[in-house]
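Written out below as structure tokens is the structure these notes cover.
As written, the chains take the letters A, B, C, D, E and F, and residue 1 is the first residue of each chain.
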Amino acid sequence: MKYWYKIVLIMSGALALTLAPAFAQEEDEAPTRESLIGTGLITEDEFAAFEDDGLSVEEIADQVGLKAEYMEMVEGHGFHSYAFDFFVVSMLWTVMAAALVFLMHLGFATLETGMTRQKNAVNVLFKNVFIISIGIVTYALIGFNMHYPEGDWIISNVFGLGSPIADLNAGLGGTFGYGGVGLAMTGYGDFIFQAMFAATAATIVSGAVAERIKLSSFLIFTLVLVALAYPIAGSWHWGEGFLAQLPTGAFYDFAGSSAVHGFGGFAALGAVLILGPRAGKYLSGGRMRPIPGHNLPLATIGVFVLWFGWFGFNGGSVLSAEPQDLGLVFTTTAISAAMGALAAMMTSWMLLKKPDITMALNGVLGGLVGITAGADAVGPWGALFIGLVAGVIVVFSIIFFDKVKIDDPVGAISVHGICGIWGTVVLGFMVEDISIVSQVIGTVAFCGFAFVVAVVIALILKALMGFRVSPEEEEEGLDLSEHGEEAYPDFGKVTG
Amino acid sequence: MKLIKSIIKPFKLEEVKEALSEIGIEGMTVTEVKGFGRQKGHTEIYRGSEYTVDFLPKVMVEIVVPDDIVSKTVEAVVKAAKTGKIGDGKIFVIPIEEAIRIRTDERGDGAV
Amino acid sequence: MKYWYKIVLIMSGALALTLAPAFAQEEDEAPTRESLIGTGLITEDEFAAFEDDGLSVEEIADQVGLKAEYMEMVEGHGFHSYAFDFFVVSMLWTVMAAALVFLMHLGFATLETGMTRQKNAVNVLFKNVFIISIGIVTYALIGFNMHYPEGDWIISNVFGLGSPIADLNAGLGGTFGYGGVGLAMTGYGDFIFQAMFAATAATIVSGAVAERIKLSSFLIFTLVLVALAYPIAGSWHWGEGFLAQLPTGAFYDFAGSSAVHGFGGFAALGAVLILGPRAGKYLSGGRMRPIPGHNLPLATIGVFVLWFGWFGFNGGSVLSAEPQDLGLVFTTTAISAAMGALAAMMTSWMLLKKPDITMALNGVLGGLVGITAGADAVGPWGALFIGLVAGVIVVFSIIFFDKVKIDDPVGAISVHGICGIWGTVVLGFMVEDISIVSQVIGTVAFCGFAFVVAVVIALILKALMGFRVSPEEEEEGLDLSEHGEEAYPDFGKVTG
Amino acid sequence: MKYWYKIVLIMSGALALTLAPAFAQEEDEAPTRESLIGTGLITEDEFAAFEDDGLSVEEIADQVGLKAEYMEMVEGHGFHSYAFDFFVVSMLWTVMAAALVFLMHLGFATLETGMTRQKNAVNVLFKNVFIISIGIVTYALIGFNMHYPEGDWIISNVFGLGSPIADLNAGLGGTFGYGGVGLAMTGYGDFIFQAMFAATAATIVSGAVAERIKLSSFLIFTLVLVALAYPIAGSWHWGEGFLAQLPTGAFYDFAGSSAVHGFGGFAALGAVLILGPRAGKYLSGGRMRPIPGHNLPLATIGVFVLWFGWFGFNGGSVLSAEPQDLGLVFTTTAISAAMGALAAMMTSWMLLKKPDITMALNGVLGGLVGITAGADAVGPWGALFIGLVAGVIVVFSIIFFDKVKIDDPVGAISVHGICGIWGTVVLGFMVEDISIVSQVIGTVAFCGFAFVVAVVIALILKALMGFRVSPEEEEEGLDLSEHGEEAYPDFGKVTG
Amino acid sequence: MKLIKSIIKPFKLEEVKEALSEIGIEGMTVTEVKGFGRQKGHTEIYRGSEYTVDFLPKVMVEIVVPDDIVSKTVEAVVKAAKTGKIGDGKIFVIPIEEAIRIRTDERGDGAV
Amino acid sequence: MKLIKSIIKPFKLEEVKEALSEIGIEGMTVTEVKGFGRQKGHTEIYRGSEYTVDFLPKVMVEIVVPDDIVSKTVEAVVKAAKTGKIGDGKIFVIPIEEAIRIRTDERGDGAV
């Protein structure tokens, strides 16, 4: 046994040597100066210039070949070749933005892990890996075509049944004809960017229900949320459903303060209400005992990564590389986040006498959620204002929910739910042509629907299989009880 | 004076502390320990292989008290720490010869 | 109370259903084959091709509509439409680079946290969240227009008072006319990229003064540095001030070895001198006791993230997507960082008999700081040389500062200050047309100014409100004394 | 001594003031309306439009200057200016992708650190910093020209000796002529993207041999692997060597399932066989005791970062910004990773009764490695299938290697080696025009060669200087024995 | 009853535990400690400066046993923990007055 | 022989160690503990809510010495550990019956 690898070694070596001999490379018919110029792809002058640079005829032929290849590629876009380069840049931005939104899931994973206790860290991480994975797969299977029914409604403007995605590059899917200036990407670009969005809503819930939810129930809860509820609600607005056609004027939510964050925050609220607070948080006699997160550097990593990813979340929602919007959206996003942080720092410092890092982090996120609805619709001063208020709101909101015994370990309800409402509704007051009434209707539709769906699924799961772990499992920690694993088996340990 | 060395379940610490406060005990020293006993360890899994963790997290509470309140103290700990399930722990009573308060150099019962 | 949510639930559900009915979608006037071809936007052949692909007239009309929209967008750039696509790519790169430079703040936050003690981790993180936030906000309020006075000087070529940014997309701000090839971005692109730079200088200081500086004093110190000192100094060089007009030839500092890093490093030196070393570092009898950082994986994360972000820092400083420069800058940046790491590893291994990870990390950073001034001016071999020397310098420099009792927990003075000087001055010897004299003048101006400003603010703060925490607070750790929070409340803890 | 800084302070201040005086700015010859229109760069109408916007003649002249500059830049690309904008976007994507692949080294560093014990964390981090650094430097010195011999073979189609890179922007290196549609980047772009790839193979080994390999031997091992073995093998396929010319049809491996990951995985296998398992893993009586990694949040960070970076690894391998391929590659990459995670989660849950986070993480990586060979050749359903099988395989493979006492702390052999084979070979069955025979030959060539080289170097190193640390050093941990440093000196410690 | 307090090298814990099991000892309490003794500490390096770490990681095993098996227990620990190299550690035997099992209120030898 | 068990403030450990070295004590065992006593805990804050941390970090130093140097040792510890502020800690002296050096099987005073 011990020496079996020697045999493999010798055999592989022999094989590699056997395979090595060079195979004769076939030569193409030799090109000439005339044949090249005859193609019309190179002028006499250009040819001469190449010769001056010392290129041989073969090498010049290669260069002409490149031009032919390029022409073919552009012509492949047919009627749409007029916008070829703009389309290429925009598509590049779309997939980069998709990658950035993907990275937000690292942000959520580390933020949530850092803000909860050590004994539940593996559980939080596992849920986050699951969410992004199931999100992408179900979005391909049904979500995408449910989110964007393209007129294919079951209940008109409210619900379209999704089918698996087909070859999205087929037909116009790979050209500028797919969506033009307003959606300058290929079909796959559209899919992947939206797929990364889809899982976000579920991730938001994950933090709020952490440290006590039963893993299997959570997985099913997530599945329903991400595969059905999110695309259905999304179709009302981005899928050109009823919110895009309100008589009071179309609902406006640029990148999803309500459609994504409000949705996630209120789904979290619904789940938390059914779940109840963590054991040990509320003591007898109405006293409350905070349960500090176990790793604040990890939580801070999470917030920086989320901020970074948000440039893709908001910036990518321009849906092309249109430079004026891109610059504005990056600027408003950064300013609102920064101002949210400063406002939350100052508010918590004045209110609580100590500068609280967790409030600063939530201030960043509040500012980001707040600006998401109007990142392209307000200027830097609007962003400053939205961030400022969001940073103040988030502090009071977190304290409020703690008071009324709605236990949310990471502050997701306040950050995503409350600041999501703020950012959406305020646009009715700040931006001309955006109707306050439409904003309120849209916000209520998203938040209300998410809340109802969450409560209903949670109640069903509770009845069928239990929604919460047993007190013993909660005491022991979900890492050991659900996973039989520890997050840091080495730290301060005598023995495994 | 006696040193009362109790090994208890970690989540009972708060209750034990309160029980001791109630009978007027103002000082104690707590150590995180691992216990091995009748209570079996648990099984963990890592990359497909199971293994047993024999040592369970426990908390050791050390309290020095004058001789006359030893039994009251022991009773308080027993009452607060008991769950009735295996692994509740032990109390050991150890004689001590002298106690000194570093701050004041006080000795004897007054030092604790 | 317990059931209030059921009411909300029912009401929301009812509302959602009420809102759902589909509103009739209005139809546009039907287009025809003739009307479309009549627009001149589609040829007969193209029309036929679409028909062959099975598109209906309505669908073809949509495609023509896209073309019209695109044309309008390009024409919106007026005279500058000739460079539309190049401008779009360049602007995309600018905002991406801004996001990368933003991420460097995560790098600094984790590096600094990892290199200091556990009991000060929250404090370090808090400062880093504050710095980037105040940096962005003040840069919008006064920094940007102070940094680039556009001839609007108070003291000619030395100092221009900043005003809040206005609508930067106005006028030519959203077109290629804003800056052309040399600054191919919109006004907001310019702002956001420079804003991310601004906070860097202050962040550099943060690490050097960690574990003993008073939080409130540090916040004020940072505010002055980032809002006033950095843009003033920056205006001398990038704002076309006196350093751009030296009689010996313009000072050359591509992305800021001196203008950003030297500035930050010497501001750190000034602050550290007033502050004094951490308690416990220097024992009686002249002995020194190192104070190891508490989390070297975290510090390593920081350095990798900084290296990653540096591609945006240097690459974005091309200020367009000009492909030749971009490739060169990425290459020199990577080679110098890599060589810096190898050099520091070898130096510390030979010198100290052990391969020290913290020295390797500082070698990476030294190489990055070193190449920053000339990333577009030297080739790969120049980069190799600059990185090599930087990696050696940084090791000796750190040991030197430790010896002379200038206590810098993260090595910021050596990495940013000393390697910043190295990278700037050496260009005078390596690159034709760069004057040694100008390089020395520029370096001294930035480093000297930063040092003076830092010392002056520090002395004022010391007199007014104290610059350092009390020995008791330092002993207890700033997390508990300043924030009342712990970074890892769970680890090895019996009870909260 | 104490006051020396005051002198510096005063002197610097004085110097700064001395340098400050404004130098007179020289004026250019004043332009006129006629002179500008005379350049042919601006029409009368355009001039008038500018005047309407309130621009002065000087300002209009500036705008015309920008146009001239732009024209010059485009014309600088000579014959290739037809593809200027596409080339610019593609090059931007190449360097961005290089940065993303660079970031994968952060992913590897944190994954490997998290999956090993605390006492070896510094060692793992040090190795990772070394690998990327030596990788970049040696790739510049010999690797690049060995990897792409451009016909300059020593042994035809098998081995070309590398030389240091010259000025890669010279000649056609900075234009579209360098590589055309199929390689739309500058020479430096090509270099930096490939350089980031090169170090990956060695990094893969690093995790498998962790916790017991001698540092100095590992550094030499890595050096040989990255500087010689990887580019030689790579030349067979990407360097147009014999694998590109098989009589059965060219071997197909899009981004390197075999050429990078299989190579790395089998090099790891070779090294591990010579090294033997970690002390304490296999107990007497054939029992096995798992050695859990010390920081699973860190490991999870690693996997998310790797997934993020993989968008650059696969997406960048399009070698241009061709939008159809880009969208497809991002989509297949994401779907395969997601499906790999789900499959591994379910497999380990059913098999082991517990949902194991480390298996979920390896499932993500298995899916990513699997799709790497065919990311542009299969559609979303192919990706789903490849990921699904990879996620199942990886679980069984890890358990298998553990059983046969091949101790691989991070699962690198299974993830990179086994899933690399899977992803490469399966293409022969899934994609028309890809020959099963060629796929098998290519896979065997890469994996076999890597294995043989690894075994040979390992045996030589073992004979010359020892390949493994002593049992005492292993027991103490490599951090203390090799580096004299601890990763977390503060945690749960009474005193340093 | 006696409290047998042993300070041993950490990697010997497993062997000591098995040796004790073999002689029928079913309970013990383990603490992670730092030891200072004849065995010198080691030198670490940080950013170019060396410094000595005086305290070495050790494990303290506390076992309460009836008087009659004290010497057997001590021998078992000595045998299992010995490497013969400096720093192997110490065993201290301390008299204890009373032992109580919290779960059952049992006292004396039956409690351990 | 006696076991001298001192609970001190963590930052005093270095000084205590040096004081003990000076009087020729070559061995000790140190444990990180949490203390509860007259010294009040501190208030922490988390996400807007204050809470009290009752347990303060302390260090327990255990030293076994022959009977004749007990008082000298106690004095050395008291002197080195005293700050005069509340919370300086306690010293408890506990009789021990036997000490064994694992490496050599030495017993009694020679073992420590």
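To be clear about the criterion, a contact is a pair of C-beta atoms (placed from the backbone, for glycine too) under 8 Å apart; a residue touches a chain by one contact, two chains touch by 3 or more.
Not measured: the values here are computed from a predicted model.
Visitor: Please tell me whether C-F or C-E has the greater number of C-beta pairs in contact.
Guide: Counting C-beta pairs in contact for C-F and C-E gives the edge to C-E.
Visitor: Do chain A and chain D, two copies of one chain sequence, contact each other through the same residue numbers, with over half in common, or through different ones?
Guide: Chain A and chain D contact each other through largely non-matching residue numbers.
Visitor: Have a look at B-D, C-E or C-F and name the one that copies the A-B interface, over half of its contact pairs being the same.
Guide: Repeat interface, by the over-half criterion: C-F.
Visitor: Between chain A and chain F, what's the gap in Å when you average each chain's C-alpha atoms?
Guide: Going by mean C-alpha positions, chain A sits 54 Å from chain F.
Visitor: Determine the centre-to-centre distance between chain E and chain F, using the mean Cα coordinates as centres, and give it in whole Å.
Guide: The computed centroid separation for chain E versus chain F comes out at 18 Å.
Visitor: For chain C and chain D, what's the span in angstrom between their mean Cα positions?
Guide: 24
Visitor: Indicate the residues of chain F shared as contacts by at least two other chains.
Guide: 30-32, 34, 44-46, 50-51, 54-55, 94-95
Visitor: Send over the residues of chain D in touch with two or more other chains.
Guide: In chain D, residues 85, 89, 92, 96, 289, 291-292, 295, 301, 354, 356, 358, 483-486, 488-489, 491-492, 494-496 touch at least two other chains, as defined above.
Visitor: Along chain A, where are the residues that touch chain C in the complex?
Guide: 78-80, 82-83, 85-86, 89-90, 92-93, 96, 100, 117-119, 153, 155-158, 171-172, 176-177, 179-182, 242, 245-247, 270, 273, 289, 291-297, 300-301, 303-305, 307-308, 311-312, 315, 321-324, 326-328, 330-331, 334-335, 337-339, 341-342, 345, 354-358, 360-361, 364, 379-381, 384, 441, 444-445, 447-449, 451-452, 455, 488, 491-492
Visitor: For the complex, which residues does chain E have touching chain F?
Guide: Where chain E meets chain F, its residues are 2, 5-8, 31-38, 54-55, 58, 60, 74, 77-78, 81-95.
Visitor: Using the touch rule from the top, collect the residues of chain B that touch chain D in their complex.
Guide: 44-51
Visitor: Touching residues of chain E toward chain B in the complex: what are they?
Guide: Residue positions touching the partner: 3, 17, 26-31, 64, 94-103, 105, 111-112.
Visitor: Tell me, which parts of chain A touch chain B in their complex?
Guide: Its residues touching chain B are 475, 480, 483-486, 489, 492, 494-496.
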